[in-house]
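Shared chain: subunit A. Partners: subunit B in the first complex, subunit C in the second.
Up next, the complex of A and B:
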């Protein structure tokens, strides 16, 4: 096969201790005019990464190379021209036979016409609109649909499941909470139920772009616009990975830990061979461990704080592989050309200032940034919901009642958008929000009300009571108000729109 | 606290007035704003700058303003702080014969006042605006002296220059009322205490109405909500701001120096509606006529959409200068959507009123509050977006 100008590496993982990757059907498309091979179900960015493409575009002002970073449609690193349409998020665009993919050099030229004509507009009147097809959104949609409510579920990605799809660890807890299953299995199960449910209409590759006067929500599909007027909205828009400032932080090979997880666990592509991880929270520890399992070598995990951030059980696993976890250390610089070649780490003092003379160079081709997540709450802010800055939850989140209604009436929040926790709480919050919608639209039903109280008791007094979750619990407490307080908030800051 | 001159409103007008006063030697100037610099209509505007209007007052004032924009963007003036005026022109397209006729009359008026507008045919139009589909255009009115600048650069340039000259800028300082006695305004009462001054300049956009009410002066201003959006950025495609004269609501498109396209169109609105209450019908309504000329727009993403007020006077012309009841207060408001492009001449005129007693451009004298009190309104046809 010709590979002129296109590297011909194979970064796909063909043998893995616990995972198998389905690669049934080959798809051929053109990258920079050269025919390349991928597998059905892969995103363009993943498929290109798999054959060794590190540079997806060159930046607008300084022409610096840009590579994979978040891999879930939250950043702009993978913008490419796809069938004439520039700035396509290739990490959430599936490969298709014969498609033409080109790198962008600086600002893109305006679109050319190789795609079919745009397909008009559709008005949708529905009971419930759920925004986000991750654990919280899937759970909310299944709940409202179960009670007979017409539900529209909108998802930016071409696959449902959100970040469950890259979670390969087994969940704790009872069977009721999918205990014993791996994250992606839970994702597949929930997605399957949603896709089969007659009361749920799923819109994939569709963005909820705004909330408007009169309770309208705007959706933009690939070839179609939708104006939706729902009686209630559940926003479960998830989170995006945080970034760090250091020299060379944009060199391809500097990647979000979650981005690496997507490549490795969802697509079976090894993100790198020699790794430095920044951040020793659970994500940093778990992804490092998964990289070790997949055959990479983790050179070090650096942590600026004096203690390891994540749970002991996860730290112990990587230590068993002999990976040093260097507390009171941070990343000073990363170097390389079109791919990371190494990183300089440095020790910090009590006030987190680098101590001169303690710099150490480590050669590596992958630097993982695992320094937390920021809730994606822009739709709430834009809709005029009253927001609160809660560091324990990762940023600015909407005030809500315990039933998860925000200050915009009949608008609900669930999952990481309500404040960073993890998939189990997202599923629980999704169901609580769904039950709240049911109560609002159908009147308080005994079984729904009882189930909701039981879930809330478990969430607050059971699950979050663990000392390991005390920080998130404190954050959620800080942003949850009583119905009376919420009425006062609405009186003082009248919402610009409402639903129902 | 006291100052020689207190300017209420740190939008482009207030800053331009402050800057011009410092250039003319005034030392002790304070500018207050209820929010932050440019937080009102300035940073919400579409940044077009032109003299191709239809009233003599507008044409003459804007012509001066366009010259001042050129002057100000020189390196020895505000250009050194980043202000760039891009004189890419304005293009008004007509698809009806009667509009072409009107254009001919406007060209005659504008030429007679020294604005070199001209009619161009569709072929020429295509040359001026690459990628435009001109099939439906009968002709266009082209104003080569018009242009655009980048609003944040302009605000920043004025701000830096004002600060260097010692102007004190107090943000998040809301003026609750003015206090007057014996035909003079004495002080502005703010949430942080009173500010006394010899001269008061009210450049507070829609807020000017309430402030003047506090000293018994009625300034008939309405906040008319307008909508505008900006797309993702691309390599430069065309320089002029393009307006469809015949589509209704004057839909327009202009590419910023950063490469994004600003698109707007007037849609029916209730005055005083909240600036947060965006409308789902706006984006398709504004894009539809423009996508007919630029079909590639269908595949372009809208990044942001926001609302702003046209702080509108009864005749869509600014309300400038002194009021009869008080000897030391001057108005600079009611631009009806043209405050940004007028800002340099606004600074010049108000400084002249304050220091010389009258403006050097005679047409400006017709724009005081008196014309509205006397019912001598001025007609203007060319209002956009």
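Up next, the complex of A and C:
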């Protein structure tokens, strides 16, 4: 590229042991006025990162460079001006021929026009609205559709599949639960079934922005507004990655582990060459292993606790290739200008205080933050569902019956939004929620009821009985109430809206 | 609210590693003694008779993929959260479970040859090893323990199953290979 302002690197992965990246059609667009190339199906943020762009904007007060962090539309780190519209989430906006993308400097101006022809407004009457197109939402929608219910599925991203799309490892569990397949293979399978199903209408790049009196839900699509009045709603809005406080934590190259995973496994773009991972839970371990597979070197995984957080089998996979897992260590600082250049780690004592003199500098260009997730439960809070703060589940989540109905009648929760677990349990919860909707709308059908009980038994007495999942299980127990207790909750805190 | 709480408590008392957590929880490396104690590694004399699986899956993860994977029904479980139980006599060392285990936790060891041991490991890195090639032998901590010749390679859903020759004393140490071309 003949321009000085645009770094011309190629961070795309062209050979990968597990994945094949389809790069069929080139798309040209403008970045800071310079023509750049991308591939169809890439997000703007991914396409820019691929050619070496680390800085997407400069912060409002201190003009600090801002880079990619979560890559799934949940953080705001990738806001840019796209065709004149500021604050566009470039990580979930696909590249289009001829589009103009610019960095933002400071607070954006309010746009005085809309990007596309406004497509007006539509009122949708439907049986079921499913919010979220990840494992839980897909599984819920397939279940309600299977029983003949008209189902609308909304998804913020331009692709279905949620976090399944970036899971390259084979899933645990059992054969009849997709176990043994790789996550992205499960994602492709579920998304394909949803897209083909005649009872499901899929609205991509559409945000459920609010729940209103009388059971109305507001949706904002790319160029169209929808008002939906469903007989039941399943909210499977997922989670966002947690952040960590340390010096230099905003330097581009400090990235959520999931964000890095999106770049490398969904788009085939290497997020960095030399990596320090913070947090040894399953996410930190798995993403570190995947970075090795993509060709990066993982210099260390630091863990503040005296033990590895994730499963032994995941730890063993990175240890075998020489990655040190430093327990009782934490990150002190990260340094660099417009890109991370290194990190200082430090040992901690039994009370997690840094031990002076144990600091070590590690040169690296990527610092992965893998310190857990927070459920995205904003719609429940807004709808007035009774919530409970449960540290084991990652934050505030709605109380629910074992059939996953929350205190707002005919509103259901499934997946990480119900408390952080994993994709397998999300698929199970999605189906349970779907079957509960079926029972509610069609009366208790013997086969649906029987299947639901079987799933619940497996979920609680099978899968979650693993001692490795006891924390999450305890969390889920703490927010699961009986039908009687739920009636009492509703009597004390009358719902401000309801569906059905 | 408790839903079918019983099983849950049972697991905690009967998991065979009460008290202090085992060293692999902080090291990320399991010892052969630990594996033997949990019934996950075959006895020495079984390995001398021919290839047999070593299942390095010491926690009670909710998974039973290996049970369904084994064509000889050598692995069993009552519950999905049990440790895999291997019948060393039924196991032929075929390596199917090496390819299918999502934890990449299963290996095959064969001590029946006079001069060398054969170790079979899962491999998910490029380049894939080729038969006849000398590759680095890696220990559980990633240390390079020497080089060994690849004698067999096959693949299932992008997991390569690689059998290498290793010095006999390293049969229970080599757990990965690395190709350097």
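Basically, the second predicted complex is superposed on the first by the 494 of 500 C-alpha atoms of A that agree within 3 Å, B and C clash if a C-alpha of one lies under 4 Å from a C-alpha of the other, contacts with A are read in each partner's own complex, and residues count from 1 in each chain.
Assume a contact is a pair of C-beta atoms (placed from the backbone, for glycine too) under 8 Å apart; a residue touches a chain by one contact, two chains touch by 3 or more.
Given the structure is predicted, the values throughout are model-derived calculations rather than measurements.
Engineer: After lining up the shared chain so the two structures overlap, which partner does A:497 touch, if you call subunit B first and subunit C second: first, second, both or neither?
Structural biologist: first
Engineer: For subunit A, which side has the bigger count of touched residues, subunit B or subunit C?
Structural biologist: In the superposed model, C touches more residues of subunit A.
Engineer: Just to be sure I read the superposition right, which of the two partners does A:351 touch: subunit B = first, subunit C = second, or both, or neither?
Structural biologist: neither
Engineer: Once chain A of both complexes is superposed, is A:322 in touch with subunit B (first), subunit C (second), both, or neither?
Structural biologist: In the superposition, A:322 touches subunit C alone.
Engineer: Where does A:227 make contact in the superposed view: on subunit B (first), on subunit C (second), on both, or on neither?
Structural biologist: The answer is first: A:227 touches subunit B but not subunit C.
Engineer: On the A-aligned overlay, A:22 touches which partner chain: subunit B = first, subunit C = second, or both, or neither?
Structural biologist: After superposing on A, A:22 lies clear of both subunit B and subunit C.
Engineer: In their complex, what parts of subunit A are in touch with subunit B?
Structural biologist: Result: residues 60, 84-87, 106-113, 115, 117-118, 121, 209-210, 212-214, 216-218, 225, 227, 384, 496-497 of subunit A touch subunit B.
Engineer: Hey, which residues of subunit C end up touching subunit A in the complex?
Structural biologist: By the definition above, subunit C touches subunit A via 1-4, 7-8, 11-12, 15, 21, 24-30, 56-65, 68-69, 79-81, 100, 102-105, 124-126, 128, 138-143, 157-159, 175-176, 178.
Engineer: Please output the residues of subunit B touching subunit A within their complex, sorted ascending.
Structural biologist: Contact set of subunit B toward subunit A: 131, 232-235, 237, 259, 274, 276-280, 283-284, 295-296, 298-302, 305.
Engineer: Could you please specify the touching residues of subunit A with respect to subunit C in the complex?
Structural biologist: Listed in rising order, the residues of subunit A that touch subunit C are 15-18, 169-175, 179-182, 292-293, 306-308, 311-323, 325, 327, 402, 424, 456-457, 460-470, 473, 477, 480-482, 485.
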